[in-house]
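The following blocks contain the structures, represented as structure tokens.
Two complexes, one shared chain (subunit A), two partners (subunit B, subunit C).
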Partner chain A sequence: MKNKIFIFLISLWTALSMVCLSDIAQAKVYIDIDAPGFQQFPIAVCDFQNNKTGTPPSDDEGVVLADHIRRLLDLSGIFNILDKKSFLDGVESQTPEVIRFSDWSVIGADFLLRGDLAFGAEGLRAASRLYDVTRGQTLFQKTYAYKTGDLRAAARAVASDVLVALTGDEGDFNTQIAFVIKKDARSDIHTLSYDAADLKNLTGHQSIVTSPRWSPDGQYLAFTSYKNGRPEVYLRSLKTGKERKVAAFRGLNLCGSFSPDSRKLLLTLSKDDNEEIYSLDIETLALQRLTRSYAIDVSPAWSPDGRKIAFVSNRSGSPQIFVMDADGNNVRRVTYEGNYNTSPSWSPRGGRIAYEGLINRKYQIFSVDEEGNNLIQLTFDDADNEYPSWSPSGRQIVFSSQRGSKSRISIMNANGLNVRVLREGREQMVMPSWSPRLK
Partner chain B sequence: MKKSLTLIGLLLVFAFGLMILGGCAEKQAVVKDEPAQEQKVAPTQAPAAPVADDEAARRAKEQADREAALRAQAARDAAAKRNAAALADLNIQNIYFDFDKSSIRPDAREILKANAEIFTKNSAAKITVEGHCDERGTAEYNMALGERRAQEVKQYLVNLGVDAGRIETVSYGEERPADQGHTEEAWAQNRRAQFLLK
Partner chain C sequence: MTSRMPHRNLFGNSGSPYNMFFASLLLHLIVIAAVLMTAPGSSKPLTFGAPYSVALVGPEALEAPGDFFGPKDLPPSQAVGILKRDPAGEKTPALTKKTETEKPDIEKALGALKEKMPSAAEATPSAPGRAAASPAPAPAARQLSTSDDYTRFIWSKVKRNWTLPAALLPKNPLEAVIDVRIGPSGALEHLGFEKRSGNAYFDESALRAVKKSAPFPPLAGRAAGRSVEIGIRFHSSEIQSSR
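Presenting the complex of A and B:
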């Protein structure tokens, strides 16, 4: 139910940001992409045809738009994008009335996306149509109006609609990933859009800056900074860019994660003599202490329903993942395999917790359900793979990898398959955090 | 239920879309790239003096004040330098920890005893104990572990008679390695407590 309302709001926003000129849509959810036997959707994406009636377009904008859409669909991890070279001669320019679906099924496409571009005084109009090749049906037909040059935004809108039509969920196209780039003794939080474009340095504190955490409403980014020589927690408004210090107690002040309603921020503080987890009301700055243990308690992560909190504690001798109720009661241990399990991240669909664990002298990403059952190892290569963070759709996980002095930010499907590298370099990149769906 | 809700949603969306037909709303940039401005204290400017004589006298006085301030600053700098050099000559040694441990190792006890003696002799100086970790594991856990290491060292020094009020702790987690390497040797050098006297 919540999801439906969310999708509705997203659709409403989509309507606000562009004008829908004509629509035929069947919002039909007919393939369960989370089923174990799920095969990627084979889809053919044609270059958008330029319509010559408006202002003469530069020749390749239809190709650029189609390329953006292909890259986005590929990043979602659930599509097999057919190579343009496999298309039969002349099929791309067939008019919608005379599409021969057999020309597409013969090359293995189950779905076909086609479109036309027109350029008018008000900008760009992209008409796109998605077909079910095997049934010979139109799944949606929609026209988007955009300012000329905003092809990436147009591509995100089309790709989101394709995903809604096939899965009922718009996916993660309108998201960003915040992460930390370390240079020498300094570090700063950067953001990267989902398609790995637009790298931005957000903090510029000339200090140590760590642990970026988005508020679920997309209003704030919280983080830890040593700007004043010691670790303190800041809240940055993403709208105004203003930063506010919210925790600067004696000792450690470490940023944890936001509550689902974005009103509270979990913290690790050592002001009461050892590292404990607290909940901070970001309006009133009222603090509530949640853990009482002589051990290290750190890295709290709220469950999507707000009822539970996962965290790391070494109260049993080594760092392990624990879960407690949101008021700090009923603490139970979740991980038992291995002697170093940290960085818990709760799936937005609930149920599963991703974390990093030490195995064969390497850190790898795992996921486990909140009762501690059904443990799955997700990464296996010879790098250290750390800091998992779920996408808003719950279908993907971003993480960072270090192999020697080489560093990567990658995403994978929630089952560990289909790893795609977003950014690679010699500068050290760590602690990726996936944003909510942004407007 | 699911289907009808979605349909209603879509219908509403389309109705809305038609309503605003022709008015293409602007796309919103989510992350405004305005860096948060630090408050900067502007250099105070003396108001212009109305009378020329006063102006000359004021300038002379200002010049004299400035020179005096510079001399005082130079003297302070020199003193601080002498003090820093003296403290650096004290040979305060780091101590090292085992992986994922904050307990004081037997080999560290002698070093802490020697350091405590130095701290007691230089009773005017403030002591900062920095806790550090190697790069393995999670940055947040390592910040907590670094704090633990610094606290353990502080407690050990207090037990040896150093005034607790003089000792501050700070954890740098894995963020300030002494050795930039990615080997066992580098890691052993980086799991440390470091001392700063001021």
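Presenting the complex of A and C:
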């Protein structure tokens, strides 16, 4: 009897164990993925189908438009533009109704942009469609009307909408970069569009012109000019092209950044003996002194929320970045690494300040949060990389580089990746300043 | 005496401590079994260790060399950062052995994959190795016999298909958990959120990564012929720190 009971219990135990084990096998497993494999959306951009017949392929506006869009998306740093050569045969001419998404996923595309281009009496009409290849969905479908020949504007509009669809933000395609080109003893402010086209000389003062700063509303460009033999601050209306002198005090008059509401301009003046930071109301020209220190205080930059101002001071011995409240109180030091840190620029998304610092006898770009923590070095090459300025989206930073006799204006992602050269030349290019989004 | 009668009836003996012991054991077993049967509903991983800390099954078979470590245009600093992170756990001796024994199968599978998509593999210079990660039908030749192999395979495939620019992330770390049920054939039977991150673009990217990774290899071993339920947790902390 005892044996029977024992056998019964053993078999019960075995049966229960099997039930438990199979249950464990079926238990929900969790997999942790701590970082994406890729940081760039793979996108296929087809040449736009042109309704004009008989155009040679090199002049085909549909191809040119698609090339402009590819270049813009590529510059944004968040796309991997798939090579046209990888497209399967015949897929580009598929009509919207018969797109086989597997033809696109097989070459690695997550997104597909296609479009048609038509020319009429009133100009060009570009119809474009963005598809999510993985899910086989249309993300947007839109027609753009522009003057014939305004392919770049159409490309910017399409690229902006692609970015809105995928990120919720239009990006920086409708922006310009102002910078200084030095030739011999003279320098002038030039502007360049985001895709490095349309270089324009803005000032032509036949003098030294430096430190361009855009007003956040896109109305003005402020700068320092030596037109009258000494540094004075001017305001140029971007609408009318008229220039107005706003600061010509005794000694140095250097241009700093605008307040977020575009009403005030920060200045460095030495009228009260040493370089101090002031804020100037651009309508009334009322001046308010913000710093009082025996040391040199320069390069002021307003925070995007208008509450704080970053600036450079040598009050602790070497030039370092400091932050103060907008009324000049509560000054605290932000940078402690290195003994030469200048040119602060505040991220439009808030929180971080980019600056240039001297390390291993080269200037490199760094970024740090406003409390002075989480310092990141963004550039590492053997050039001098200087004058960081953030894009309006806060995703990219423009800076200038000097290596030997060569000079460059480049943009990079805010984390230092994807450096792209906008312009390279033998003339010295410095002090780039990224515009707000321009209409 | 009457209170002892049932025992006598059940076990046909006097209520000795010996019988009491077995009765108690039986009751305990039933209670433990009941607890274990209800346990799978809890959200804690019960069996498998964290898949990200262990080796990939034959990385050379799962992806083209170099591909796993990120796009080739990354500057050395970033590439090194990723290199340091992932293969850290790869050198576990026990796992290396496993990889060796499975090599023939995997090579066969890779051969099958290559045959299937010769044009695509050659034609995407800008996206090296990505074509292989695309939704080609899962080759039957691949044997992922243990559940560890299987989860590791899913981890590697979904990670490779997850694209998210760091620049799009907010300052705070995000986490989304996607609930996936994989059928016996490896097909996706269910896809949904167990937890959303609160950032629509992050959630979308996670969903897209899983969708792009399907179908998975057929289930083998003990799980053959069944469906398995997997939670995939997507974190942003690692990209955030490299921002």
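In this text, the second predicted complex is superposed on the first by the 393 of 439 C-alpha atoms of A that agree within 3 Å, B and C clash if a C-alpha of one lies under 4 Å from a C-alpha of the other, contacts with A are read in each partner's own complex, and residues count from 1 in each chain.
The criterion applied here is as follows: contacts are C-beta pairs under 8 Å (C-beta built on N, C-alpha and C of every residue); 3 or more make two chains touch, one makes a residue touch a chain.
Worth saying up front: this structure is predicted, and the values here are computed from it rather than measured.
Participant: What is the contact status of A:R230 with respect to subunit B (first) and subunit C (second): first, second, both, or neither?
Facilitator: Touch partner of A:R230: subunit B, not subunit C.
Participant: For A:G77, select first, second, both or neither according to whether it touches subunit B, subunit C, the two together, or no partner.
Facilitator: Touch status of A:G77: second partner only.
Participant: State whether A:D150 touches subunit B only (first), subunit C only (second), both chains, or neither.
Facilitator: A:D150: touches subunit B, not subunit C.
Participant: Who does A:V98 touch here: subunit B (first), subunit C (second), both, or neither?
Facilitator: In the superposition, A:V98 contacts neither subunit B nor subunit C.
Participant: Which of the two partners, first being subunit B and second being subunit C, lies in contact with A:A414: first, second, both, or neither?
Facilitator: In the superposed model, A:A414 contacts subunit C only, not subunit B.
Participant: Quick one: classify A:G168 as touching subunit B (first), subunit C (second), both or neither.
Facilitator: A:G168 sits against subunit B and subunit C alike.
Participant: Looking at A:A121 after the superposition, I want to know if it touches subunit B, subunit C, both of them or none. Which is it: first, second, both, neither?
Facilitator: Once the two structures are laid over each other on A, A:A121 reaches no partner at all.
Participant: In the superposed model, does subunit B or subunit C contact more residues of subunit A?
Facilitator: The partner that reaches more residues of subunit A in the superposed model: B.
Participant: Thinking of the overlay built on chain A, is A:G241 touched by subunit B (first), by subunit C (second), by both, or by neither?
Facilitator: First partner only, subunit B.
Participant: Considering only the contact definition stated at the top, list the common interface residues of subunit A for subunit B and subunit C.
Facilitator: The overlap between the subunit B and subunit C interfaces on subunit A comprises residues 12, 16, 19-20, 23, 25, 27-29, 168.
Participant: Which residues of subunit A touch subunit C once you look at their complex with the stated criterion?
Facilitator: Subunit A residues touching subunit C: 1, 5, 9, 12-13, 16, 19-20, 22-42, 77-78, 80-83, 85-86, 88, 102, 105-108, 110, 132, 134-135, 166-168, 351, 376, 380, 395-396, 413-418.
Participant: Which part of subunit A faces subunit B closely enough to touch in the complex?
Facilitator: For this pair, the touching residues of subunit A are 4, 7-8, 11-12, 14-21, 23, 25, 27-29, 122-123, 145-147, 150, 153, 168, 176, 182, 185, 187, 191, 200, 202, 204, 208, 210-211, 218, 224, 226, 229-231, 236, 238-243, 251-252, 254, 268, 270, 274-275, 296, 298-299, 312, 314, 318-319, 340, 342-343, 356, 358, 363, 384, 386-387, 404-405, 430-431, 438-439.
Participant: Which subunit C residues qualify as touching subunit A in the complex?
Facilitator: Listed in rising order, the residues of subunit C that touch subunit A are 11-13, 22, 25-26, 29-30, 32-33, 36-37, 39-40, 43, 45-48, 50-52, 68, 70-71, 73-75, 77-78, 82, 85, 117, 119-120, 123-127, 130-131, 133-136, 147, 151, 154-155, 158-168, 171, 177, 200-201, 205, 208-209, 211-212, 222-223, 226, 228-235, 237-239, 242-243.
Participant: Under the definition above, what is the set of subunit B residues touching subunit A in their complex?
Facilitator: Result: residues 2-3, 5-7, 9-10, 12-14, 16-18, 20-28, 30-36, 100, 136-141, 143-145, 147-148, 151, 169-173, 175-176, 182 of subunit B touch subunit A.
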